[in-house]
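Okay, handing you the structure first.
We call the chains A, B and C, going by the order they appear; numbering starts again at 1 in every chain.
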């Protein structure tokens, strides 16, 4: 598990601080809270949240101490964790995240960027007009293309090729990764609370993790996670103009072709093949060895070894038979 | 209404000039013509055009004095305005637009770009390698990211964040707008007259208007209008890799997710939600509070409060029932 | 036919070298082999490959001397050319291509880029921060926008306008071509051999050829060919966010609207109109004067004058009738 070097946590948050910010009464016993996290990643003394019965199985094994939720789920949570009942779950999560990560809403321009100090990177080749933030780490024999921006604290492994006009932020990259030209990786996801005349953004404190031997094509957008991370598994290859939203987790050895889009928080297995322009809805689980035909719209979970096509996607043999 | 600072109008155009360029006979009385405009925006002494019965209702209340059209609509126009009948309406509009806006076909590179003169912008923060054209106006406390290009006469309000590698031209931006990285905003639309071996472009003299509190994600393309403007309403949020063609008018408080595409000249209401990869055909009217499912292809007008999905898009309950 | 200035061929390859690299026995008579090429373009003394019965008609008229193929096609090839039977056709093609073009796998950053030497280009206008590789040729009266990168050996005709933030490599451009902003043209295609934990790339030694009067919009990606070229025919206009994969061949006077995607190796005729977000599968033949509705997914060949819509695409009248 990679520690997040991008968002600095306030280590001094107590239950009483959280209750206060939510406008709730103090409890008898106060307690130091470690972090805010999703149900799956939460460790002891973490606070988490529950907002959909979809995640009931995860709730059952969650180590979270406190769980923010709404009235109707109170009795369900009771059995496993201590519920904190609020009117607006997502807004409360936002407020607590801001408490732990006071700088996390500031997703603007990195003004610490400078030309690379060649002496510090003596086995790295840089193109022209490269800009690096503070504490960027790059492994030996890596190559960084022209006009590329690498923001503070990004880490790149060895033997990587980063192309031209690429923007990397809040991202940790393994070894032998190739990222071609014009992609934007690690910006905040498209998650916010709709609010008439002035939406408000919740913090995105996740990262993008790109594993060894991955290839990412041109003009892609890969958003970082909100609470958990966006992950691209080992040896997965991604074509051009692909959009990967926040919290998506793609397995190993996948092949994702041009203009595919992933809505947020889906989990894709290993050895998954996705044809051009297919779309994967949010919060789905796609198994291993799944084959999704070009142009498909996947709106349901898919078990291992499925072969689907269509909108909505169905068994590919049915699709082709019905459309002969 | 914003006056267009991008395309300078020839203020000395008479009806006789227009008839001459169209190869038509002089009329008895000559008259100074104010401008060329669409039927809706046209004011007294403007010339406009009518090329589809779809716009009959607008014709009825138009203030245009003269209306370019083809023979078959002559009698319809007669009742409201004075028709000028031509063989090729669009080509005639092109010729007249060029007469009023002689520089409007020149959509090439802005060679007046220079590094910002920090003294002139004392409360603005600029990243590295920013290039600004002439007469760019930026409000206080705005931030401009690295490698971003802002062409001549663009106006940006206060408290805005413009990201990195972004290109802005022919655009007027309100306050508290955030534009992330890699978008191209304000280039000419994809409108031209097909012509064997050498198409010819008609002028695009519209702008892009982006209202207060809008957020625009990464690698988007938003084209400016041809005669009217492309408009993004207040507090509308747009995700990544969205394409918005010329003359599209999006209302307030809309949510447009990744890879959505709008063909030209559609009007989208307020509080409209559009799921990933959906496409909206040209010249449609989408009502308020409409919800369009991911992957949909909308090819008809949609009344207020519609909930649709599918290709072509239909009532979402029918779509889901038929596809169970 | 344009000679490829990008990938330098080893002119000294003999049949014995090829058999050796494939792990096959020497033949009695050795022979100098000219090049590796696809069946259609192959000339006498070239080696080619056959991997799908789809290409049987092309095989019949191919001038290739040797054809790499698998056991099951041996008897078919026998009649026209001399088969060389291998277990893995694509891997063998990769090995032979590497033999002929030893530098072709190196698709990384062009480190020869420098600011243009104005004296060498005295009728060309360059924006700021333009970077050119070695031996770039640009015709008179062409304009190159800000921050644009043109890699070594690229050729641009006269009267062209190349926009801002554009990346051109392995591309030959005709006269009066306009390429707007943010596109990536000529990078290697998404072709590789899937291989657990570490895929391997086959060489892409094709180019992108862009003919006279073409217009290409913003944020597009056009990949170069693997063995043959990717071609955009004369006076074809392409909108924004279009993806064109390797080896695609688009005819003349076509109109390709926003967010359309082409999988690899399809051949598109002349005067073809493609609506927004449509997708064209790989290895198809689309005739002349074809009209493909927005959002369509084309998965079969289409004869001349077809008008289709739907996913999968069918006759547009049937589609609209069924979906009334």
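We adopt the following convention: contacts are C-beta pairs under 8 Å (C-beta built on N, C-alpha and C of every residue); 3 or more make two chains touch, one makes a residue touch a chain.
Bear in mind the structure is a predicted one, so any value in this text is a computation, not a measurement.
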Rotational angle, Cα trace of chain A fitted to chain C, multiple of 5°: 120
Same vs different contact residues, chain B with chain C, by half of numbers used: different
Averaged-CA centre spacing for the pair chain C and chain B, given as whole angstrom: 34
Contacts with 2+ other chains: residues of chain B: 129, 147, 165, 182, 219, 241, 259, 277, 311
Residue ranges of chain B in contact with chain A within the complex: 125, 127-129, 143-147, 161, 163-165, 176, 180-182, 213, 215, 217-219, 234-235, 237, 239-241, 252-253, 255, 257-259, 275-277, 294-295, 310-311, 323
Chain B contact footprint on chain A (complex, rising order): 108-109, 111, 113, 129, 131, 147, 149, 165, 167, 182, 184, 187, 190, 192, 194, 196-199, 219, 221, 223, 241, 243, 245, 259, 261, 263, 277, 279, 281, 297, 299, 311-312, 314
